[in-house]
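Each chain carries a letter (A, B, C, D and E) given by its place in the written order, and its residues are counted from 1.
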Amino acid sequence: MDNYEFHWNVVFDAFPQLLTGAFTTVHVSVLSMLVGIIIAVLLALGKMSETKTFYHIANIWIEIARNTPALFLIYMAYFGLGAYGIHLSPYVSVFSALVFINAGYLAETFRGGFQSIPKTQYSAAKSLGMNNIKVYRYIILPQMFRRIYHPMTNQFVWSILMSSLGILVGMNELSGETQRLQSTSFRTLEFFMVAAVMYYVITKLVLLAADLIAKKVFKGEIS
Amino acid sequence: MNLFTPLSWNDTGFILTGILNTVYISVIAIVVGSLLGLLIGFIRAESNKTVNVCLGAVLDILRSVPLIIQLILFSTFIGVMGFPLPPFFAGSIILSLYTMAFMSEVFRSGFNSVPTTMIKAARSLGMNYLQTVRYIRIPIGMRAVFPSWIGVALSVIKDSALVSVIGYMELLRTAEQLISRTQQPLMILIGVGLFYFMISYPLSRYGKYIERKMEI
Amino acid sequence: MIEIKGVHKSFGDLEVLKGIDLTVNRGEVVSIIGASGSGKSTLLYCINAIESINKGNIIVDGIDVHDKKTDINALRQNLGMVFQQWNSFPHLTVLENAALAPQVVKGFSKEKAEAIATKELTHVGLGDKLHEYPTKMSGGQQQRLAIARALAMEPPYMLFDEVTSALDPELVGEVLDTLRLLRDDGMTMICVTHEIAFAKEVSDKVAFFHEGLIEEIGTPQEVLDNPQKERTQQFLSKVL
Amino acid sequence: MIEIKGVHKSFGDLEVLKGIDLTVNRGEVVSIIGASGSGKSTLLYCINAIESINKGNIIVDGIDVHDKKTDINALRQNLGMVFQQWNSFPHLTVLENAALAPQVVKGFSKEKAEAIATKELTHVGLGDKLHEYPTKMSGGQQQRLAIARALAMEPPYMLFDEVTSALDPELVGEVLDTLRLLRDDGMTMICVTHEIAFAKEVSDKVAFFHEGLIEEIGTPQEVLDNPQKERTQQFLSKVL
Amino acid sequence: DQLDDVISRGTLNCGVVLDFPPMGYTDKDNKPAGFDVDYCNDLATVLGVKSNVINLTWGDRIPSLISAKTDVVIGSTSDSLARAKSVGFTYPYFVFKFQVISKKGVKMTSFADLKDVKVGAALGTTYETEYFNYADAQGWGRDNYTAFKSENDAFLGLYQGKVDALISTNTNIATKLTSGQFDNFVAGPYVPNYDDVVGIIAKRSEQAWIKYLNLFLVHQVRDGRLNELHVKHFGTPVSADMVKALRENK
């Protein structure tokens, strides 16, 4: 430690840039989560569908998303598609890779949540005279949402952490911005320490918010 | 001077090294991470709230900071402290700790899944504390969480790609170098993807199969 | 009146109901007993159109349940059903559980639905639990909630499928008491049950099912005290 | 001989045992009956030192169970215990289940432990299932395995805690038969049970627990057929 | 100190950016090659130790020094005063010019033409900073700018068409243009008024070590080794301007 002096003032001067980077990080993860959820619903339906084509499309998507590294998919989106002349910006590449993976993981979560609701809940709701739409609206979906809520927050945190791979395609999110700042000033340790703290704070805030929302929204427990 | 040369048979050895390096570091991280995770998971299952909160907070940092940042920070930091390590070791250490953070949760829930009545039954046969741990809690608890263990192990294999940022020549970094030389990203990337898929897919299927078998 | 005429029902190759005839008049309590797998639950599901049938008719107050043109959701409002496994909706409070269907199916206002629900819940002895969540309650309480939930739709008929068999022995009594209460109110009921003593006490008619057919039917005295058929005798000797 | 003298036991503020006195002689079968929550299981746990006690003594063959100096693991080898919920070890075969404790606790060789285990398993009628996994067996079989597992430690005393109450009715018989077998072998047993008929048949003494005290104790004829205390009468009228 | 450490260890851990031909790249056997690599080997030879070339990206250079993974980085590091607060620089050993390379057909006569095209550079490099300074001074936004993790990624991006123009060094651009694979591209204008002077870097505190390196650089020029390697890697003798610049230390 004796031969290293910390120079924090460089980092404080660059704090606005780091914050901009952090904003991009949150931005890309929120967006990839939202789009991921929509696609995941379709994939989950596809995987439960009787139609072979839908089933296979959903299945292939899900398995690729779950069984290849995120970094690989980001490279694929950036340089792989580039070879076909499809040029995605670093932001869009990271975004699409995260969407692809989020959708794959969430589809399985949704399917699991859906199947974990006992069949007897349908019979019970039907026997009260509810039609299909009402059964879903009042009985199945609310229960399902509770079960998938927790896995969904975890997936969101994962997205935030994995967006840090943007550093590898020159995206200007928190990690990329940190990398740029450290290579102009060469204060590696300081910049990455601050970035680590910022990631930690972001994920904690997300989890805290998720907990507060859950406490407000979900009053009954799930058996 | 020839900057750009196509892929040739010469490169197979190079790619193979990348594959082996990926396998090495993944295996090390999974083994070391599981052993440490088992220990910590056990301590957490057995301890009171204070110990748990403290341990949990430390593990939480490992789970809340991106792996890539942890790797860069750690390898820089140990150098500054005066203990430089080659990328392989620095990468193994961080990846193992990272794995441990997730494995400890897996194992903790494994230990907690063993019903207290079963432990009481074992005690009533005259087994002492360590014997119940050794013969009852570890085997039953570990079985229960085997599918989750596979899940974590697979994510470690995939995350090992990130060790490339501190200069470890694993598969993806090898591929990158070849891409720079050949300017042919598509074929090479597809090959890399296929490799990961071929390792990960059968294992994840196996995990699901076990899970389903256990449900019955 | 529920009229069941020559009902056949198969699951794939397995013929579960092989021609059931049974009439339940308004105000009557009919108990169904029989070995596991004899088709008792299946018959209740068919009456409530949760399962389709292959042959025969089921007519409730003159309406053919399995006719394509029948509005099945409207019909189900007349047929309250309670299952073996308690099926309280875990995300709703006790009161919300019982008030949901009157609101969304019958379109009652929230106040009106909750008034009816409160009345029925008090009736089954859950008046003090209105704002609790059912997951915290005992099996017996959840089962009484299921009964009140069905009653809140104010159906003229109630179908009970072994409502006590998943309960701990000490909780059986409170649920049977609730059924007795309904009988005293004059409710028309079909009860599938394993509780022979209870069936003897409350039923107007007892039907003994054997392999998809009604082997014997009559008053409790006829079927339970002096069974004519050998199979009925065998069954009763086992369960008593 | 098991001597229980003035045993008190509390969980926090809740006093569960309020001074229990009971003596069980070698070769005796003592049944304990009583309402849920009256402290029956707790007493068995205290005898086996799975729970500590607050006051009084429990002496097994002259050794004070709750004395600090007592080697509790050694003592437990003398007290076989079987629980309400069957607790077979799912990762071991039937034979391994029963042979584990003799091996690791008594330090027997694998052969010797397996020989004893096989003997006891055959005794309870599981001789043909030695190499199966218990998860595939019925509750009754698993409960008999639990009995054999305890017997394989060759304890002079056996404690049974409602061993049939988690079983389907048709499986109760086989487990009770196993207990009868043990009684005929002359085993000293304490049985907590809800099966009054069984208690009447096998017991030398019956103790009726009420809110942490023994309300009435005596021969089955005294306690079950001619109960003196009002509470005993009430309890029996409910369960019979 | 570090000089003694290297000699007693018997190996020189020399960091090179193999991402920056012809200064550093990997040959068809995936082995390190280039001007910087040759410098590493020369340095090891004069020290009398084995040369261990370590492959770095631009961003790895400082961490590798600080973490003592490398003893020295010969990696075309621009000697900015900000960086010199963190790390020790030797005398300059090479001078680059920053230049634009663009697709044929894109109008690129002056630096100001970058305004209307998609432009890229490697992340965290001095020419990225220079471009930003220029762009900010002109009041351009950054919407048409793309950063790449490495020089290689940047050229791959240009090759694939992700960007129309790239800022890099004159040497790298010249090498790429002679390779045959960038026939559809042309070298464009230089970054105005800027010479990129680069030094070898080592730990800031290792004064004796840096002095040794300085002398090594002087000898490379004096002994003609610089010229030899320039011919080998660039095909032309080293220019008088550059030798002058290096001698004058600027």
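One rule holds in what follows: a contact is a pair of C-beta atoms (placed from the backbone, for glycine too) under 8 Å apart; a residue touches a chain by one contact, two chains touch by 3 or more.
The structure displayed is predicted, hence computed values, not measured ones.
J.: Counting hops between chains that touch, how far apart are chain B and chain C?
T.: The fewest steps needed to get from chain B to chain C is 2.
J.: Which chain lies the greatest distance away from chain D when centres are computed from Cα atoms alone?
T.: E
J.: If you tally the C-beta contacts for A-C and for A-B, which one comes out higher?
T.: Between the chain pairs A-C and A-B, A-B carries more contacts.
J.: How far, in degrees, do you have to turn chain C to put its CA atoms on top of chain D, rounded to the nearest 5?
T.: Best-fit rotation on C-alpha atoms: 170 degrees.
J.: If every chain is reduced to the average of its C-alpha atoms, which one ends up farthest from chain B?
T.: C
J.: Express in whole angstrom the distance between the two chain centres, defined as the mean CA positions of chain B and chain E.
T.: The separation of the two C-alpha centroids amounts to 37 Å.
J.: Between chain A and chain D, tell me the centre distance in angstrom, where each centre is the average of that chain's C-alpha atoms.
T.: 54
J.: Report the inter-centroid distance (CA atoms only) between chain B and chain D in whole Å.
T.: 46
J.: Distance from the CA centroid of chain C to that of chain D, rounded to the nearest Å?
T.: It comes to 40 Å between the two C-alpha centres.
J.: Got the chain B residues that touch at least 2 other chains?
T.: 72, 76-77, 80, 82, 176, 179, 185
J.: Mark out which residues of chain A touch at least two other chains, giving numbers and ranges.
T.: Residues 3-4, 79, 82-83, 167-168, 188-189 of chain A each touch two or more of the other chains.
J.: Out of chain E, which residues touch more than one other chain, so two or more?
T.: 63, 66, 153, 156
J.: Where on chain A does chain B make contact in their complex?
T.: 1, 3-4, 63-64, 66-72, 75-76, 79-80, 82-84, 157, 161-162, 164-165, 167-168, 175, 178, 188-189, 192-193, 195-196, 199-200, 203-204
J.: Residues of chain C touching chain A in their complex?
T.: Chain C residues touching chain A: 45, 48, 50, 73-77, 79-81, 83, 85, 87, 89-93, 100-101, 104-106, 133-136, 146, 149-150, 153.
J.: Where on chain B is chain D touching in the complex?
T.: 115, 117-118, 120-128, 131, 135-136, 139-140, 143
J.: Hey, which residues of chain A end up touching chain C in the complex?
T.: 118, 120-121, 123-131, 134, 137-139, 142-143, 146, 218-223
J.: Which positions of chain E touch chain B when the two form their complex?
T.: By the definition above, chain E touches chain B via 18-19, 21-22, 25-30, 54-56, 60, 63-64, 66-69, 152-153, 156, 159, 175-176, 178-181, 233.
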